[in-house]
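Note that the chains are named A, B, C, D and E in the order they appear, and that numbering of residues resets to 1 at the start of each chain.
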């Protein structure tokens, strides 16, 4: 509850701050301060000191999993703010408002990590989404941004409709007539038709949010069209929030009858992996390539839904952290460049050795090379799937896709290190030493998680 | 046939007619009007089911506020003429076919559900404003508060988007 | 009245909404079709609420009321969504003088 | 002095790893070269001391007690545990022995960003060492990849014109293979019994050996592991990356690739496939061996056709490895013992061959066989070395590979006479292409290119001499090696027969 | 006992010589190199004599000397061991004795080589002696194999000694590869032996009391037939029998002393040694023996026919060697092991002599080897002429020269087996007599046909070359008397007696169908008379040889001149297809096929990428449509499939 309330409050503070902050850098500091406070508050709650005693009538449940996830998400956000705080000015003038919206998103995220009724799932998803529609279109004169915003809005609303229909059917089919997700838990019989139909619709609705194929079509366009800072935020923190909701709902409500609907996840996972990875191969723009790669990572995270066991839980958190940190890191590098194409990266190793090195570490992590967090994360989700023991071909498909993934990530690495710089492209990259330091810290985090994942996942059992 | 049943069929027909009108009419203004018809029909259903509060809210919020907003925007953009050019016929056809298929699939599936033939009990007091109000402010106070965040963000967003920027020097 | 008629009705409305969203090019109408979908959900929820209202006991009472409250929230959200959505549509219209979604193809492949 | 015996496997990893990290910060080219050389010598010293420390043949159980084990990821039953058995001793020694020679033989070569080059070389060494000492499946996989990444950067950064595409193919190919193996590792892991109370399963090698796998599961697990190793070795038809990479890369990397990384594949099969999936091995060994033998003859045919010395060596290596892999799958005492010897011998021979090719290219600036002629007249010393090395490569008696190929073929013969017959055809063909190469480059009248040849440096001379001594010594008295690895062989065989 | 303890010195000394000469070839003077090279062999020879004396004492038992474990894997133990018995000691004498003479000869012959070439030559020659000694000393087949391949290596190195000429290298390579083909047979035989008997050492196999083989009585058991056949393949390769004989004539590209030592006296007889060594095995496999005999006979005749029309003096000798080796195999094949070994010895004398004399001629002629360009040399090179003449008499089998005794012994054993073998054998002998006298006449008689410069240059060779000739000539004359047939003097066949312990066990299997003394005598007389007649005929025919301008030849003669086109046939059958296969596999199968598949996978991913991204059309309508279709599919999966 701490996180929900404080993020909302801080959103309001930032909102009004827009009137009072005169210097353009002030909102950034306030935002960083806010996220640190949120993080601390969340940690207090995690260690058993909630600040607010609100009777939620069981609609929110603050378990260690959700709170732990919050911590991860807030740390990622902190990194994101620290690395990219300055770049919000590139979007437009209303920096403070952008931060306000992001805090509202974080509020939605906190709800999604702790909801216990479908009503709050719905509200959480909407609180998560509506600010994003705006953020996507926040660069008002950028036609691509406008287009992305409208696409996102229309498709998002459409998927909301589907999600709601699913919820309605679940409600109808549920003999208790309740929206509580633990009340839907049906034991081990056959899925009633209404529930099954509702399940499919809800699955589609949330799959849309996590950009799983074939409901991913918005993702490349929106990530590409939105301002890079916003894309970075959407691809990481927002996506993992949707995943955590996904996992929470399906484990609690339908976990017992997992094998009756597992095939759906299999189909979605396979499609997501294939489409995400294969389409990414041909992309020329690194930003768009990362958009597709984020789809492929969604495919990997779908494995946690496929398995729904404890390892999957650990894997989800690990993957969320590994994927988010690496993506935020690589985006922080990309944002510093003026040309997002792969050629733009040519010879970065010579021009900016440190930037190049950290970028390579992030890319290696995304590829899933051992000693980076990306590997451990992939390892955990695959382990979860193997532990489940069904449909092992899917795991094999996943690793084949991971190998395809190596193809496009390594194209960037090749450009960075093995190709000569193109004169006139990305020549004026100016980065402060604090930024470099932060990048190094981020990279160090990646590597630390790479060989000591226990630092992260042990807390689930706190 | 009881009067409720007659009313049910009438309202259903009205709603379907309106819905088809929304989709089919070329003029956006007509679409809006058809949608309002649908909303009224649905409100009628709510009344039939004794969900009076929702019936009123539906009319106020949807038919009143939202649809006026739509109408405003359409007027603003001067879209009352039939400006929409023909969409690709195949895409249209595909859209219709897949939509209908979905309907058939859904209907076919759900008509086999156990509770399909359960009788409804329309005459209860659940839908009355007083009862719902109590539920809302006791049981549902947390979501209610949370929805304020939603509105806040929508508000901020709408302002952010709608505000005209002072021209800023960009490098 | 059996519940199935309401199910069919709202499903039909829902699918008409979907068909509209698939076939129309005017983004406002697409948006309206989505509203139609939301309304069909509302109708369904209310119908189910009445179905669950089996007895006069507290449990079934709260069961039934929960759905109606849900509908209420859907309406709230829809309103918020519409405000944001129309803002975006207006923004786009300001920039391109068109609200035809088929012209939205700067981003593809 | 160096602490207790169980620190050796660790030292073998950490010395190159840490010195590799340090090397990044040494900007001066000369000092980083010297630093790398000293580091590799230090590793060699440790390896030699470790060899002297104990007699594994007398104490085969040593492997299971000497391994040091840190708690690493207790919650999933993985630990940082490393240990040396006979095979491990042999291969770590080979690695430790090769590195100083590689550095010394290429001491005169110059590189852009020498610090990065040597750092990556040392990191590769750490990875390779790790593969050979790891007694935990997950750790094994870690090192397996750790060895791959630096070598990828090495080959891609320093080399010929088409290096980027060639090494990229290599990378994706091996990466895919190892990912498949990862799936296999996870699957076996899920079927192991716990060792630590914290976890439900265990990654330790013993747990893997005792994993309860039905023969149906073994069938496809076998292939998952096999592809990873087959790509690395490489076994026909997974070999196509190799000639390109060898052709395009710089010499030190190629030496590491062909001399050491290839052994990782063979090692993997022996350590991780044979004892874990004996049923599947029994089922597929004929198929796999047929592939290996086809590869042997296939590569021998192609080797004769090659005009580029580097491609030539690549194909000859593929041919030898075909025989070696076939012998691995024959899985009897003779063949496995032969393989153990061959791993060492092939490492030595191919290293020597690469050094000769390197010298030729450095001396003449030419690598095409057709452009070379009569080098023997110009540099008789090199010619003698080459002839000895060439004959070692074709397994002439009293050279090291004779013993190993004798044992391998004998093992093959015991397994199936026809495999041995076709294997020996490979021996004939190896003589054909090897002698043709020697003839075309070294004999005949000296041409313009040969006339301009520069002298071989003293360092290279010493390295080659050391290698030739090793070749002859192992050819005459291979007993120490056989003695070293016999416990491993019996251990593997008993594990195979137990299950 | 002492001499046998010194046995390790016998091979070790040449090895040391090899190392000294090889490493210090640019430091030491030619004389010193020559002395070192010869001296080490001479010392080995002396030790061999001591050993021989000890072996020939009464009651000598075979000695096994083990040095260290060469290979010890599980149950398989292959020690590095030497075995000394009568056969070994005889071969030691031949190798070191003839070898020493040839070393001495070489000092003079190779005088004009460059400093480093000279050292290299002696180094190789010593290495050869070392390998050959290992071959005959080895106490098991693996050690024998070491020497077996070692001599092949030296042969390769020495044939290609003048490596600047690619033809020499080709010849060397051919020799090595053809030998390797045989070696593979040997190797497989060893494997079979190990898998069947668990060991490859002679002692446990052939020990007359408790040897594994010695306890077998069944004839023609599959394993034994297989092993013997495969071993015979090895012998075919090494001893240049059909079909692997073509390397030997080409091997004449090497220096002539090399041809004398390696390609006449020693290495090529390794096959005979090996079969003689395995005589028990062979006796157990009459099938194989029949094969050995027939291959030997065919080779003897075919090679002799080819030799008839050769004009290169060394080629004639080479084909003659092939033919003589055929005789030896014939001897082995009919079970006359000791006769075959006897022929090895006498052949070593006279063939080495022939080669050295030919070398002397070539030396004198300034490198000319074509006999049509010679003639009339007898006047200027008396010693060479006489020694060559003696050797010719010996090889032709004219009594009482050494060749007569050994050849006669083989032929009479063949007659005992089957008269047909005998007749063919005699036919071969007649051919031999003819072509040898042809060569003699063409070289030394008639008028000189070379250039004036050559005529001026022709002279007798120096003493270092003639002395070995004289010694060998003496041996060719008297060498046969150690094996006088029983027909003439009772119990005079010392040679047979000496070797009999080696062949004692197999003698028990061989059907003892000896020819009666009378028949034997008739046979000897008939064959001798025939040979003498043919010899005179051949001598007369070519006494005044003048090269005739192209006479139209019939097809057979043409075929003979071109060695029956065997080389060409091999070229078409094996070499060209192999090269074509290499090209095909490399250019098409590997690059287009396998690599094509690998790259094709990559390309298809790329293609898929290009196609899949078209789904991303940028149009909301189609996105929504695809979403609905996805939804439909999921619905169908969930609700309508079970």
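Throughout what follows, a residue touches a chain if its C-beta (ideal position, glycine included) is under 8 Å from a C-beta of that chain, and two chains touch if they have at least 3 such contacts.
Bear in mind that the values here come from a model prediction, so they are computed numbers and not experimental data.
Of all chains in the assembly, those touching subunit A and also subunit E are B, C, D.
Interface comparison, B-E against A-B: more C-beta pairs in contact at A-B.
Greatest centre-to-centre distance from subunit A is found for E, with centres as Cα means.
Of all chains shown, the one whose average CA position lies nearest the global CA mean is D. Compared with subunit C, the chain whose C-alpha mean position is the greatest distance off is E.
Subunit A and subunit C have centres, each the mean of its CA atoms, that are 26 Å apart. The mean-CA centres of subunit C and subunit D are about 65 angstrom from one another, to the nearest whole unit.
In this assembly, the C-alpha centroid of subunit B lies 5 Å from the C-alpha centroid of subunit C.
In terms of their C-alpha centroids, the spacing between subunit C and subunit E amounts to 97 Å.
Touching of two or more other chains is recorded for residues 602, 613, 616, 618, 620-621, 624-625, 628-629, 631, 635, 639 of subunit E. Multi-chain contact residues, meaning those touching two or more other chains, occur in subunit D at positions 172. Looking at subunit B, residues 87, 91, 94-95, 98-99, 102, 106, 109-110, 115, 139-140, 143, 147, 150, 154, 157-158, 161 sit in touch with two or more other chains. By the definition given earlier, chain contacts exist for A-B, A-C, A-D, A-E, B-C, B-E, C-E, D-E. Every residue of subunit C that touches subunit B in the complex is listed here, in rising order: 1-9, 11-20, 22-26, 28-29, 31-33, 35-36, 39, 42-43, 46-47, 49-51, 53-54, 56, 61-62, 64-66, 68-69, 71-73, 75-84, 86-91, 93, 99-100, 102. Subunit A makes touch with subunit E in their complex at residues 150-151, 154-155, 158-159, 162, 193, 196-197, 199-201, 203-204, 208, 213-215, 217-218, 220-221, 261, 263-264, 267-268, 271, 275, 278-283, 404, 407.
Residue ranges on subunit A touching subunit B, taken from their complex, read 4, 8, 11-12, 15, 54, 56-57, 59-60, 92-94, 97, 100-101, 104, 107-108, 111, 119-120, 123, 126-127, 130-131, 133-134, 137-138, 140-141, 169, 172-173, 192-194, 196-197. Against subunit C, the residues of subunit A that register as touching in their complex are 118-119, 122-123, 126, 130, 133-134, 137, 140-141, 143-144, 146-151, 153-154, 157-158, 160-162, 164-165, 167-169, 171-172, 176-179, 220-221, 224-225. Of all the residues in subunit D, the ones that touch subunit A in their complex are 72-76, 138, 141-142, 145-146, 149, 153, 156-157, 163-164, 168, 171-172, 175-176, 179-180, 182-183, 186-187, 189-190, 224.
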